[in-house]
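There are structures below to look over.
In the two complexes that follow, chain A is the common piece, with chain B as its partner first and chain C second.
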Partner chain A sequence: MTQELLRVDDLHTFIGDYHILQGVNFDMHEGGVAALLGRNGAGKTTTLRSIMGLAPPRGRIRFDGRDIVGLSTAAISRLGIGYVPETLGLFSGLTVAETLRLAARSRAPDRARIDWITSLFPALRKFWHSRSGNLSGGQKQMLAIAKALVEPKRLILVDEPTKGLAPSVVAELIAALKQLTQQSTSILLVEQNFHFAASLATETTVLESGQTTWQGMMGDIARDEALRRQLLGVSVV
Partner chain B sequence: MRRTFAIADVLPIALVVAVCVCALAFISAPIWLNLTIAGVSVGLMIFLMASGLTLIFGLMDVLNFAHAGLITLAGYVTASVYAAMPGWVSSNDLSTNVLIVLAAAAASMLVAGALGYVIERIIVRPVYGNHLKQILATTGVLIIIQQLAIAIWGADLLHVSQPTELKKAVTFGTFFVENYRLLICAVGLAQFVAMIWALERSHLGLLIRAAVEDRESVESMGYEVKYLFVGVFAAGSAMAGLGGALWAIYQEVIFPEAGLQVMIMVFSVIIIGGLGSVLGCFVASILLGLIMNYVGFLVPSAVVACGFLLLLFVLVWRPHGFYPVVRR
Partner chain C sequence: MKRLISYDLPANAWIAALVAAIVLILAVLPLTTPSIRSVNMAAKIIVFIPLAASFILLIGYTGIVSFAHTVFFGIGGYGLALGLLNSDASVSGMLTGLMLGVALSAVFGLIIALLSLRIRAIYFAMVTLVAALVTSQLASRLTWLTGGQDGVSFDIPDALSPGVRYWTVPFSDVPVTGKVLLYYALFAIAALSFLAMLRIVNSPFGRVLQAIRENEFRASALGYPTTWYKAVSSILAAVFATIAGGLYAAWLGYVGPGSTLSLNVLTDILLIIVIGGSGSLYGAILGAVVIIVSENYLQSLIELLIPVSIAKSPAGTLLSGDRWLLWLGVLYVVAIYLVPEGIVGMTRSGGRPGDRRAIPGPNHSR
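Coming up: the complex of A and B.
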């Protein structure tokens, strides 16, 4: 396969006095989609926050051959990692245009790149001057992803993007994320919707109680229902 | 940040004009003209003291009572600069007079800006997002600054006179305006233009608003919010220093509660102007300056009340103020 992009090694994260992550390990390759699965409360969101430096971790995180533990969130972002949190991280008073201009960190963002992003998410073009607080749930999700992409990224971390979206919007999202990987942006995806994850990801890591319990190819877990049930529980179809 | 043009955006300016025209009905034209020019200069003086807090309170949402302390401190720094260069104030040379004012202003900005940097790092950084703690912590700083000023400069009033030539007025027939007021107008306008330019051009205003709403998200986009906040806080504090220095010279006196006395005016114009809006703060300051001057001429005892009435009227008319950038 291609080159290793991200390696997470024996990650431990404390929030206050709570030992939330207790040994998370996985790696992912350049150009792919990796899924991070697990039951509610398994530590998926905390893992993404640890990578971004928002929940300071102990252990090793190598991104593109470089140790990023201890760097500021902003510095990690500038290395080429985008983050789309579960809560989306939008600014209710700012318009779509203002949000993207801010995310581009430039007064005059690259036209071609904006055009490419709005071709991925046509709704954004339509609501260009609307405040993001007034967008629908699906539009907000698209803006949140677009915001993470305006600056070219090597990797984006996406936390449960399908939550609360209608099936047609989910299909749109799959198409957009697929296009993204063709533009050499890798994706680390946290997802409860197994079908969604399975249709995008090749590599998979399963977490349970803050630890890696399984790592392998998506095909293996997609084919083996017993394994899936054992790792993810019956609640995940 | 471009806004579409709307009637509502012109109304506050129309209100300023309407106030001027109304006053003309009660006051004879030559006096009215002098009052109007004086009112504009008072307004710009208020703007100079308030503009820094527009950033710190309006945009960053920090209820910063230490601002009053910085205004006071600037007055004392000015007194010390005066004491160090005594001949410059009494000199009959206009440029020497202007230089001493600028030197006092520069020293005050430096001291207030540096102190603002320290205040943000030590006092304010742990209390972002918590108004009650902000009030307690920054009021503590205010008291410390006042006590420190008393310890260094004494509790008595200090005289900070306007330099000789600046005290003189330019006259055209019955119309006259003091040179010092002209200086205030020039500095106030320059400050206004500089702030609009900085906030619009660099998108600083947008960035600050975003960082106040969701700090982690702004950091995830690659911005070091820590440095952004301390920088804005120090800049806003330096502006308090500039305003405080010019205010002390305008009043020709400095005392420990000087800054506290103007805080009601300062908070009023920020709220009337709309939180975070430099234009709003500017228009509101001039409106307040004009009204204070007209009312002060017609019914001197009502000057204090008119500020409150204006605040009340505007908040009923426009609950978010003239040009709110932030709605809270």
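Coming up: the complex of A and C.
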């Protein structure tokens, strides 16, 4: 078994007066893809935001053996965690080139890495000098993931990457994310599209009303329709 | 040339031509006309360009809406004045006073940035407005230091005074005095300040500032310590505004609450960036010209265009030259309605010429 990369223990997060996460527990291993599944409002996005320090949590989050609760978002990012929020987190006034330069932080992006990223997402080459606000939904999603990849990351948190995308773009995205895991980057994925999640993830955590209700291998839940129906309320043919 | 302006060309050829024409006119004006009024106006434009540009750096690039900018302008003016008064009008005294002003402004700029972390949006704007008013009141009351409401008049180094005559320009017969030399010193320092700000906003640091303006959380999720960036931006804006304040005081040979710290100065800065646009530093050049030329010549223009018989009739009273401030207000409202992003903003296209230098592109196989 590969080394544990992320462990979340008894995570509680409040947004205003609302107790959103009421005890989330899961772990994931280095080099793998883990999916956070659950119905709308289960607390999946809040879990990602809590890991990034954007929604300050109580409880324990250990990344690579280090407790990261209480660190600033910037410090958490610098530990090697990239975040692709559902809203994509792009800067509409910046071009594709500027966005990637920004994401590279202090140093100029490595040319070979830029070539690798644009081989994952060829559309970005074409719109290199276009403002990100002018890209299509699929191109924005690609740029959002590319942004998280400019610097080598150990873990990227991806929130609903397929939302609103055409099936052909989703297929491109699956291929790109699969390539990514081969570069030893782990992915924590929040996804409503079960097919998409099942095609990528090996580990799965199911959330319900801000609590972990099940954790196990994706194969188990993908094969067991009764379990899937019980946990997620979905039937996938 | 492109390198000089940090590869940040105005988005449109017309704007670029206009900016070039303005710079050229400002560069030759004191050698071609003996009109003191015109040269004074040009000097005010020269001072207000870096002042408004530093405000754009703060509000347009970092998203910190602070109305305390006049405080830095005032600190620069008073710093230079006190330096000259305490050194028998020596150049070293002038520079020492200005540098002390810059240091004080840097501290104040840091405080403003830290305040912006605790107090958000409109509340922060109101706090900074109060800070500006309190500073103005302080300057009016600390008579022993600032000369109170009357302000301070001072001598500038002899080499820069109007009484010293160097030579006469052959083609225009305009005498080149110390004052003309001072004009070019202002021009050079303002130009260097502007180019430095262009360099800052087009550097990786500037891109982070833009990212913070758009969404601070997203910038921090990329690993940027946004507090540090905001603090440095606020300090830089304060420093450039302070230098502009020193230039203005040097030109006037006077500093007082009315000339540097008043709400009129703040209004001028706001008008300049509303008319010129806050999305690009070039907005400061176009806005400063429109506003300051209007302030100086709108009355004459109205008097020229509207016959006296109409202006003096009861029906034409609004068209009288005395009502120029009203028409300046109308210009302001129309500009907000028609070109909310300012003159520079209205011509912006999807991409920017400067972008091509951001990072080397991928290996295209077109």
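Rule of thumb we're sticking to: the second predicted complex is superposed on the first by the 231 of 237 C-alpha atoms of A that agree within 3 Å, B and C clash if a C-alpha of one lies under 4 Å from a C-alpha of the other, contacts with A are read in each partner's own complex, and residues count from 1 in each chain.
Throughout what follows, a contact is a pair of C-beta atoms (placed from the backbone, for glycine too) under 8 Å apart; a residue touches a chain by one contact, two chains touch by 3 or more.
Keep in mind the model is a prediction, meaning the values are calculated, not measured.
Participant: Considering only the touch criterion stated at the top, classify A:Arg66 as touching first (chain B), second (chain C), both, or neither.
Facilitator: After superposing on A, A:Arg66 lies clear of both chain B and chain C.
Participant: Now for A:Thr118: first (chain B), second (chain C), both, or neither, which partner does it touch?
Facilitator: The second partner, chain C, only.
Participant: Using the touch definition from the top, say if A:Met52 reaches chain B (first), chain C (second), both or neither.
Facilitator: A:Met52 sits against chain B and chain C alike.
Participant: Pick one for A:Leu102: touches chain B only (first), chain C only (second), both, or neither.
Facilitator: A:Leu102: touches chain B and chain C.
Participant: Which chain A residues come up in both lists, the one for chain B and the one for chain C?
Facilitator: 52, 54, 72-74, 77-78, 83, 85, 89-94, 98, 101-103, 105, 147, 151
Participant: Can you name the residues of chain C that touch chain A in the complex?
Facilitator: 204, 207-208, 210-211, 214-215, 217-218, 220-226, 350-352, 355-356, 358-364
Participant: Across the complex, what residues on chain B touch chain A?
Facilitator: Contact set of chain B toward chain A: 1, 201-203, 206-207, 209-210, 213-214, 216-225, 326-327.
Participant: For chain A, which residues count as touching chain B in their complex?
Facilitator: 52, 54, 72-75, 77-78, 82-83, 85, 89-94, 98-99, 101-103, 105, 107, 147-148, 151
Participant: Show which residues of chain A lie in contact with chain C when the two form their complex.
Facilitator: Chain A residues touching chain C: 52, 54, 72-74, 77-78, 83, 85, 89-95, 97-98, 100-106, 108-109, 111, 114-115, 117-118, 124-125, 128-131, 134, 147, 151.
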